[in-house]
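Note that the chains take the letters A, B, C, D and E in the order they are written out, and that residue 1 is the start of every chain.
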Amino acid sequence: QDPLKIGMITTLSGPAGYLGQDIRDGMLLAIEMEGGKLGGVPVELVVEDDGLKPGNGRQIAEKFMNDDGMKLLTGIVFSNVAGATVPDIVDNGAIYISPNAGPSNLAGSECHPNYFVVSWQNDALHEAAGAAAKQLGFKNAFVLAPNYQAGKDAITGFKRTFGGEIAGEIYTQLDQTDFASEMAQIRAANPEVVFQFHPGGLGIAFLKQYAQAGLIGQIPMVLSEPSTDAVVLGAVGEAAIGIHATAHWNRDFDNAANAEFVKAWDEKYGRPITYYGSQGYDTARLIASALAKTGGLDDIDAFREAVRAADFESVRGDFKFGPNQHPVHDWYLLDIVAGPDGKPMAVTKEKLLDDYGDAYADQCKM
Amino acid sequence: MRVLGFAVLVAALAALPFVTDALGQAAWLALATRILIYGIAAASLNFILGYGGMVSFGHAAFFGIGGYVVGILFTHHASGEPLFGVIPGTDQMLVTLPVAILVAGLFAAAIGALSLRTGGVQFIMITLAFAQMLFFLFVSLKAYGGEDGIIIRRTNALPGLNMRDKATLYWVVLTIAVLFFLGLRRLINSSFGAVISGIRQNERRMAALGIPAYRYKLAAFVLSGMGAGLAGALMANFLRFASPDMMHWTKSGELMIMVILGGVGTLFGPFLGAGVFLMLETFLASWSEHWPLALGLILLVVVLGTRGGIEALIRRLSALGRGGGQ
Amino acid sequence: MILVLEQILNGLQYGVMLFLLAAGLTLIFGIMGVINLAHGSLYMVGAYAGTWVAAETGSFWLGLPAALAAAAVTGLAIEAAVVRRLYARDHLDQVLATFALILTFNQLIVIGFGRQPVFTMLPEAFAGSIELIPGLHYPPYRLLIIAAGLLVAVGLYFLINRTRIGMLVRAGSTNREMVRALGVDIRLLYTVVFGLGALLAGLAGYMAGPILAVQVGMGEQILLATFVVVVIGGVGSIRGAFVAGIVLGIVDTCLRAFLPGLLRQVMAGPEADALGIGISSMGIYLLMALVLLIRPKGLFAAGS
Amino acid sequence: MLSVANLQAAYGESRVLFDVHLEIADGEVVTLMGRNGMGKTTTVRCIMGLLAPQGGSIRFEGRDVAGLTPERIARLGAGLVPEGRQVFPTLRVRENLVATAANRLGRADPWTLERVYGLFPRLKERAGQMAGTLSGGEQQMLAIGRALMTNPRLLILDEATEGLAPVIRREIWHCIEHLKAAGQSILLIDKNLAVLKRLADRHYIVEKGRTVWTGSGADMDRDAERVHGYVGL
Amino acid sequence: MSAILAIEDLVKCFGGLVATDRVSLEVREGEIHALIGPNGAGKSTLINQLCGELAPDSGTIRLAGRDVTRVPTPARVALGLGRTFQITSLLDDMSVRENVGMAVQVRLGHNFRIFDAVRDRRAVWQEADRLIADSALAPRAGVRVADLSHGEKKQLELVVALAMKPRLLLLDEPMAGLGHVESLAMIEMLRRTRESAAMLLVEHDMDAVFALADRISVLVYGKIIATGTVDEIRDDPAVREAYLGAEDELC
């Protein structure tokens, strides 16, 4: 029997390449652990790089579905690629399960029965950070994010759950790499806490410069998940120690599924696990749970039902789908502390939000 | 001879959906559609870059505008609320394409009017600057999805055609592309085209002959922007999606790469360039995750080896073939 | 007051940093007339090589020569293998070829170092922040960057405007054949200058490492701003690049820092913020458009 | 010192030189004449290595220089004042002169900035100006001065008096006389036939890429009819 | 006779250098007016102001009775101004024929037509071919300008200028770079042209100037020091000293 082909459209080139790489490796790991199968069905993961271009993502999807007859696709990292690709996939009757991107338009009015998100809805990331700042007892916060929609959403999300006073609000430039001016403004405002959202390299630069400005010990910082993944911590080094982070998954989560995952990852790859890796792994486990019930994709409706049931052990613990087929799960507060080798590591401190969904579920009419 | 070649090419392209269907390679059709669309955009850019000597590094702006016109009109069509409270949305291609071309032309007129006061490298950078400003503008337009872009649920309608059918959409794009290239050929060989080419070679000389270069350059810039807008509108219809990504400077760069790869200042060069670039990107990416390395090396060999892009290479090879045949 | 002072210092530092990046580019782009998009790749190579050596040896200072050497050698190799064939060609061919180099180098780095950003260290003596005057805390590493930038500026200015090498390079950019016919081996000269430009890119990359993220594609992020500096300054002018870098740095920093506040005095809060953010985020492009509309050849155009 | 035999050259597909001969001995002044477009400049380009010859031989100072790079040939002692001036427009006048200056052959009384300024005082006045903004004649002076500053063994002047005022032109002829007296070898291309006839030791006439006539000024008078046919004298 | 070109008190400075210093000059209908003077005297600068490439600091230029001092080049061309460049400035990628054709095309108008075919504009090509046939470039009509020799380009400069059918032709050293035979041919050609166009001729070739000019003005360091007939100028001691030099055997 030919293995079942699963199409993975992901971003492997450019600065954000490591995101796609970890998602892919998480999925491959799950498949390998089951001996090339998911849910007892032999599978083959076909991976292609979209180069972070919506048009390319669409092209790859087209090929996967029409030429290779794939009915199950996954892998997209970025919202704009998802926007150009996902509607076409679901219209074609195929199932798309997102291991990362969770844009609001697809969570709300454009939601679709064939579209699932395993990771999170984008806004929830920052709502968790707001909840953390509140939980930690901070009364006023200085908030910063790049001047684009995701940045504005981040700040809105943070404010929604924080509820305290805003000591200052700065939108940085989209491609700004030098934050000295912002550091001076933060120092002058002297807030109780700083929240900032800068994805990827910008976040690394921000943290380094925050430390060099001597602010790290003075003004605490609360961050949402993308700013503190293992790769970012590794690149920033000691400067990250003392930061409050939030996450829906962390390496030290105490559950059987996670222990198995962490052990296997360390053996296979030996590099730090990012939460992207965990999402890839969860996605594969979710698929496995559905395939175990249906034995294949011949009956798409049955498969869709099986996915919706989310009958699998997530490495993040509790997991179920909300009405818009986005996750309802828990969010945690983490501390960044010095590890045994002096390098920063994230330690889970407490649960912040329990069974938390997203704000767009109401707009979804399925 | 040339006419015959063109006719054969068009016939072959028209037959493509049957071929891909027979081979079970439907994705090739999508690729071909994208190539045609990018071919239009690249050829538009080439009109000012190759024939007019104006190196615009911001042409993706007009491409993006074209896409957004389709997207915004569709959004308002879907929601039923008129744009600015007066302009009703629409999903009719017979309306959206002309509007996209018009709006792109207006933007090109404004940007061109300012940019053309400079020349050379400064022109490259100032067109880039305006495109980036537009990019930032659209990135922050929450009403239209910001960074995430607009999802266009349905391809624009054309009376009597099933636009959901991919082959139909391909034929529509092909028809427009053929008309576009015929028009472009006329334009290049027109009186205006000759003046533009003269201005590229020597603006000072043309002024001495009595040509106020600025006006002509602006007209060319606007025409070129309109072509890019048309391509953008088609792309939005094909992808059913428009996002700021369409007007990012890397997209401008990509269009330029297509032009150079195919052959600057040749009619079909940009089309060939778009074809080769997209095919390389697509096939290499499915071959290895390290495809950019291969793409880089291939492009390097092409630019060092061909002198004048693929078009020049083909011309030299065919001359060689003819020479050898005698 | 302290805040204004600090922001001006920040602007100065950012400007010097931009100049440091732009210096090599001006040399290659402005004076030799080669549009080298791969300049950012040389910057990346310097950053990676230096960081790697620094990590292996545990010393920031040992990383420095490694960064310079790696970037210079890469630059020389690129020149000999690719760029040398492009001097006589159209700018557009140069664009395509160096774009191809970007793709190649980025992927080579991925293969060699992986996709993850790498950790960079700060020299011990320059870590943290010091109090310059009471109330003004400033990271000494940034002072180091200012110093390095000024040194490079003076050195380059001298090299280009006061030495025969500079004259010959400038002469060659307008008429290679004639320079050769007068007995100068311009190819060797260009190779050396290209190497020097690459070395400066490597220096900038390594110096930027501890402040920014060392990752694949870091060169392209910075490339645009660098070109903007070169063009505002006037293509081919080291002095222009320096002045433009500083002006841009200070204007950009101060716009970001003070514009929303100023606007809030004359209009409602949210609108002021939106406008302020809008203007400052398009800052460098607006500035460039303005400068070019008033002085189409930039601030210090060569030949005037 | 220079001997060109059976030189053939082409620009791309189109053949321009078919059979050019030329001999210059040490200390000799030789002219190359011909109507427009006959191949004079092309011959010079071949000698300087700016165009690769397709056949024939070029020997300079006893060495076969066909195929050498221009800089090698220049270093062997060829100094060029090119057609159309070709000064470096973005360099100042002074920089144009010193950038490529050299005394590779170790001349005892080399050309210096002062001597060039002495010859062309106008250049001294304009020393700090960008060469691109000089008047046509000033650029021509600069091109001559620039070539002199390389202290060449053989000076090649391709229409070096084009666009110069009669006074200056006369000065240049005087200067060439002096140079000749000092033993400088010179290859001259110019249209002032009367002067050339007086100044030069020998003349070559090219017609459609071939050397068709050789002789001294006296030969010229003797063969006036043919020469007239070639150059309209 | 009326003046087609009248210049009054024209001043142009470059930094401290006064390149044209209160120059006044008149070119009459049907006249060849030569302008001579040492190198760097300001002749080309004057021409560039007349054709609109340089803006004068003060003074007025009247062309065919209209004040054109601040009018851009193309508008002056419309009034009948044509010029040649001292350092040739042509459309290098086009053939000789296309260069001449372009001049005719621009003159005939309709240059904003985007859907016609230049190749089929019979009037343009007939006239271009006739002009080329009348010139020394007849056998070179199809050659790309970049492939022409220096002298051939100079010849083409004039043909292109003639194709514009100007009423006033500004000639900046048309003979420079021409061979002896070609110079004679060009003198002949200019003689024929004087029927239709007045000329301001800048030239260092005195044979040509003395053969052609009706009147001569002498410009030295930005100032006109003399204006007169050929004989008056030839014998003017100031002119001899500043420009012509002593009559000796070498010239």
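Everything that follows uses one rule, which is that contacts are C-beta pairs under 8 Å (C-beta built on N, C-alpha and C of every residue); 3 or more make two chains touch, one makes a residue touch a chain.
Keep in mind it's a predicted model, so treat the numbers as computed, not measured.
*Asks:* I need the common contact partners of chain B and chain C, sorted by label.
*Replies:* A
*Asks:* Which chains contact both chain A and chain B?
*Replies:* C
*Asks:* Look at all chain centres (mean of CA atoms) and spot the one farthest from the centre of chain E.
*Replies:* A
*Asks:* Of the pairs A-C and B-E, which shows more C-beta pairs in contact?
*Replies:* Looking at contacts between chains, A-C has the larger number.
*Asks:* Let me check something: if the centre of a chain is the mean of its CA atoms, which chain is farthest from chain B?
*Replies:* D
*Asks:* Between chain B and chain D, what distance separates the C-alpha centroids? Give it in angstrom.
*Replies:* 51
*Asks:* Just the number, please: Cα centre separation of chain C and chain D in whole Å.
*Replies:* 44
*Asks:* How far is the middle of chain C from the middle of chain E, if each middle is the mean of its Cα atoms, in Å?
*Replies:* 48
*Asks:* How many Å are there between the centre of chain A and the centre of chain D, using C-alpha atoms for each centre?
*Replies:* Here chain A and chain D have centroids separated by 74 Å.
*Asks:* At least two other chains touched by the same residue of chain E: list those residues.
*Replies:* In chain E, no residue touches two or more other chains.
*Asks:* By the touch rule stated above, which residues of chain A touch at least two different other chains?
*Replies:* Residues 12-13, 147, 174 of chain A touch two or more partner chains.
*Asks:* Taking each residue of chain D in turn, which ones touch at least two of the other chains?
*Replies:* Not one residue of chain D touches more than one other chain, so the list is empty.
*Asks:* If you go through all the chains, which pairs of them touch?
*Replies:* All chain pairs meeting the touch criterion are A-B, A-C, B-C, B-E, C-D, D-E.
*Asks:* For the complex, give me every residue of chain B touching chain C.
*Replies:* On the chain B side, the touching residues are 49, 55, 114, 117-119, 121-122, 125-126, 128-130, 132-133, 136, 140, 249, 253, 256-257, 259-261, 264, 290, 292-293, 295-300, 302-304, 307.
*Asks:* Of all residues in chain C, which touch chain A in the complex?
*Replies:* Spelled out, the residues of chain C in touch with chain A are 3, 6-7, 10-11, 13-14, 17, 106-107, 110, 114-122, 127-129, 137, 139, 141-142, 210-218, 221-222, 224-225, 253-254, 256-257, 273, 277-278, 280-281, 283.
*Asks:* Touching chain B in the complex: which residues of chain C?
*Replies:* Interface residues on chain C, with respect to chain B: 82, 85, 89-93, 95-97, 99-108, 110-111, 224, 227-228, 231, 235, 278, 281-282, 285-286, 288-289, 292-293, 296-298.
*Asks:* Could you please specify the touching residues of chain A with respect to chain B in the complex?
*Replies:* The contact residues of chain A facing chain B are 12-13, 47-49, 51, 53-56, 58-60, 62-63, 66-67, 79-80, 83-84, 87-88, 103-106, 110, 147-150, 152, 174.
*Asks:* Spell out the part of chain E that touches chain B in their complex, as residue ranges.
*Replies:* Going through chain E, the ones touching chain B are 51-53, 72-75, 77-78, 82-83, 85, 89-94, 102-103, 105-107, 110-119, 121, 160, 164.
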